[in-house]
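Working notes, beginning with the structure itself.
Think of it as A, B, C, D, E and F in the order they're written, each chain with its own count starting at 1.
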Amino acid sequence: MTQPIAKRFATPSIDQMPDDIRARLLAVQEKSGFIPNVFLTLAYRPDEFRAFFAYHDALMDKDGGLTKAEREMIVVATSSANQCHYCVIAHGAILRIRAKNPQISDQIAVNYRKADITPRQKAMLEFAMKVSSEAHAISEEDFTAVANHGFSDDDIWDIAAISAFFALSNRMANLTGMRPNDEFYMMGRLPK
Amino acid sequence: MTQPIAKRFATPSIDQMPDDIRARLLAVQEKSGFIPNVFLTLAYRPDEFRAFFAYHDALMDKDGGLTKAEREMIVVATSSANQCHYCVIAHGAILRIRAKNPQISDQIAVNYRKADITPRQKAMLEFAMKVSSEAHAISEEDFTAVANHGFSDDDIWDIAAISAFFALSNRMANLTGMRPNDEFYMMGRLPK
Amino acid sequence: MTQPIAKRFATPSIDQMPDDIRARLLAVQEKSGFIPNVFLTLAYRPDEFRAFFAYHDALMDKDGGLTKAEREMIVVATSSANQCHYCVIAHGAILRIRAKNPQISDQIAVNYRKADITPRQKAMLEFAMKVSSEAHAISEEDFTAVANHGFSDDDIWDIAAISAFFALSNRMANLTGMRPNDEFYMMGRLPK
Amino acid sequence: MTQPIAKRFATPSIDQMPDDIRARLLAVQEKSGFIPNVFLTLAYRPDEFRAFFAYHDALMDKDGGLTKAEREMIVVATSSANQCHYCVIAHGAILRIRAKNPQISDQIAVNYRKADITPRQKAMLEFAMKVSSEAHAISEEDFTAVANHGFSDDDIWDIAAISAFFALSNRMANLTGMRPNDEFYMMGRLPK
Amino acid sequence: MTQPIAKRFATPSIDQMPDDIRARLLAVQEKSGFIPNVFLTLAYRPDEFRAFFAYHDALMDKDGGLTKAEREMIVVATSSANQCHYCVIAHGAILRIRAKNPQISDQIAVNYRKADITPRQKAMLEFAMKVSSEAHAISEEDFTAVANHGFSDDDIWDIAAISAFFALSNRMANLTGMRPNDEFYMMGRLPK
Amino acid sequence: MTQPIAKRFATPSIDQMPDDIRARLLAVQEKSGFIPNVFLTLAYRPDEFRAFFAYHDALMDKDGGLTKAEREMIVVATSSANQCHYCVIAHGAILRIRAKNPQISDQIAVNYRKADITPRQKAMLEFAMKVSSEAHAISEEDFTAVANHGFSDDDIWDIAAISAFFALSNRMANLTGMRPNDEFYMMGRLPK
């Protein structure tokens, strides 16, 4: 149903990619059963690809005060505010799986204020949204509000850095017309 | 998974509803297998309920230049701009069914500009979005732009009136904390 | 002075209207001495006309915690924010009469914060304006703020529903280029 | 009906004003039958008063390509966008008189796009509104659009300067809670 | 490096200016070593020139609770929000000199919330910015917030009036494409 | 003059940094004579530091259709829109040096539309600003507008990617209260 990736920036064939990038693509294909389009689209620029995924992994795959589901909540909420087709649908899928909750992504994408999340998670998303839309006005009050829910300074850095990283990611996805793979739409919606 | 309807405005028991309203609820339950929460929530005010659904039916169930799927596209696009939890998820379900397309609602909700729709449908949504967000600035240029895609004056009225009606509906749903029934999340996502 | 109603959507002749609609128009003409253009414009679509006025009457002609003047204040304030020519001028006339105050409508249309109204009425308009412009962000704090001025939950529904209904009405008036009748400009400005 | 001028910035008694300011107030009272509150409020600061009215007179009382009614249209349109109580009501009165049109001010205050004015006047107001709300983005296209309606460079300066002067005036009126005199509400609404 | 003043509104030759205006230009040239372009540009309209500088001097050259540096802070902060080329660069120069601080202007122009200023000065700028961008919503809370930092009512008038005057000034500078003289860029950046 | 880096996220001592990060800091100190605070602040998180600078270098230090000065123009324009203290002042310094133009950075920071740049550079900044503020609405018209000035698809990727990368960078700088080093303020302002 989805149209092919926009051809303005051509996806290189996997054979012609640098070895490390091809290896990453094959690894993700092995694990997921398909290659998410973000890998194919960004492979257009190998150096940027490497930095992008190094940054992504540093923020999303680490341990810390935020669960992996909570990290994905930040991605879905801020990407929806940025109207990022790829990120909302692909990370919505990941969030459903991480949270083991088939409804959470749709709820957060539409209006996180009404989603079935904890007050602590709402405070987390409030802070992330402020970083996303008006970081210049972040004040001590904002830090205090989120810290009052038990987030450490390191957690707050994580919340903000994920929001900031997807500010970049959303813009690249909108530039390239990056499209979510068909597989993402149903992932995590049915019980295993 | 969803929390019960916000209790500020109590849903009357079906037994205590006026006969005509109870009849409508039972009919929709018969047809759909459940009673969408919009019926229960708005039954709090019987006269407003009757007017709301009379208006809804006049716009959504009629024949005309817009298909039923296209009418639902307008609902999903404008309700997403208004961050209306209930309307995006419930009408997203209806749109998937009407369009026989499991991806279309998520695409339109995130960014209709990137959705897999025709240029004519994009022009329809542009007009609907302008009615939704800055109707005071609608100009002859806007009418011409949508008319150039083959929409008649009556079609344009329909596009605008659906957008306008859901401007009302979205606000009531946000006021009441109206929640989509669990059933909506999966409707139309799997082949029959 | 005013130009005729925009001809894109032709006003049917009164003779050709359905009986119930013609009856309503004649009744309002009998009472007011003229037929407000909203009746003529919306008669283009009889079913929508019936639902529109049923909704209107359910909200504006009922008893309850809000006076009729207060209901009209909500209409004028939100319609002015929506830059709705017809609604500000026609309902401004009605508000002057209901409030027996020749200045109140102009004051509220320009800046309700500076109008000669009570703090309770200002709180009412604050809530109505939030429903009008960002209903998705209504929070418990907003409910508390308005409830603190003595408004019941039913009053709050009324405030919000009037704001929501005129969100619809303003958009239809802007779509159709609906013009206020000349009579409205002077109504309620002179002592009887 | 209007409340007295806000007391934060006390109006000096006329006796204690500098001679030239008192003379101006008495002259306007002689001519108009009352002293518009802008004179009383700004007399709080004599030097600013003198500069304000010198600027005002240089822009509003001169000859040139704009009629006096057109100058007042700019004041009403931009002051309404700035939600300036005093300026919309007081200059709305002056506009009705200058234009010999009892409806024009209400129309322009609500939505100048729908007012009964000429295309040339709409172009004039478009330019004035851009100066008012986003002067930083004025482009050659904007100059061309207004010049195409026959406005000379000097006319364009006038349009912009009136918009800019009332950007100042509106802010001072909102700061001081300046209230229109009761007399303004009815001025120019009835045939002489 | 800078291009000549935009030629749409021709700068009169100094010889042909009225005596009082020529005298002022020569005086400022004597004092500063050059004639700031605002004098040349506005001399296009002698009467407006006289009113403009009379207003300017009444606000900027007086004694009172605000230091001259603080007055310039207001100019730089609000002119930056209005994206006024001339005012940010010319008054940035004056602020550096008045504050004897080579960094303060760049800091305030980018984001006054992060500048090296006192909490009292931040409160002053908050109030000035509200006057600049939404004067219609100034409330008692805003007055209280700034008064709590020790500003008198007369100081508050000054803060607001400077913000309001540069609302005018910024719009005229953007209209005319007024360019800062080359001299301003380096003024106050090096120790004397 | 500048205050120390905000202590919420402590800068590690250079001795305790990982070897590769310490080496980069010493190299930049060797070259520039000081260590820009962005290196110290981001060293708080070594993995993110590495990804950040790898991304930065991939975009800013490469060859291609954009000069290094033009790349910095994009940084200054978008960082100013995001009110990023550090980025405007630090990259403003770099831009002055790259462009050998002591005025260009202040001009672009205030209002790039009025800066002394070529029409081609203005088109470049228009595209970069759209990516920065509303990437979701980028259309074929936007691509065409910038391509018409001779930018290749690869150049357009660069323009967008720099804008997107600094969307991330600006948010991190605002989060951490990152302050520009004193050295940046004067760099490139005086002839060598």
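One rule holds in what follows: a contact is a pair of C-beta atoms (placed from the backbone, for glycine too) under 8 Å apart; a residue touches a chain by one contact, two chains touch by 3 or more.
Nothing here was measured: the structure is a model prediction, and the numbers come from that model.
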| item | value |
| --- | --- |
| Subunit F reached from subunit C - shortest hop count over touching chains | 2 |
| Neighbouring chains shared between subunit A and subunit F, ordered by label | B, E |
| Chain labels contacting subunit B and also subunit C | A, D |
| Interface numbering overlap (same over half, different under half) for subunit E and subunit F | same |
| Where subunit A and subunit B are represented by their mean Cα positions, the distance between them in whole Å | 28 |
| Mean-CA-position distance for subunit E and subunit D (Å) | 24 |
| Where subunit B and subunit D are represented by their mean Cα positions, the distance between them in whole Å | 44 |
| Residue list for subunit C, restricted to those that touch at least two other chains | 83-84, 111, 136, 174 |
| Category of the chain touch graph - line, ring, star, complete, other | other |
| Chain pairs in mutual contact under the definition given at the outset | A-B, A-C, A-E, A-F, B-C, B-D, B-F, C-D, C-E, D-E, D-F, E-F |
| Complex interface listing, subunit E residues touching subunit F | 1-3, 80, 83-85, 88-89, 92, 101-103, 106-107, 109-111, 114, 116, 174, 177, 179, 182, 185-186, 189-190 |
| For the subunit B and subunit F complex, residues of the former touching the latter | 111, 113 |
| Residues of subunit C that touch subunit A when the two form their complex | 136-137, 139 |
| Subunit C partner contacts - residues on subunit B that touch it in the complex | 8-9, 44-45, 47-48, 50-52, 54-55, 57-59, 82-84, 131-132, 135-136, 138, 143, 153, 157, 160-161, 163-165, 167-172, 174-175 |
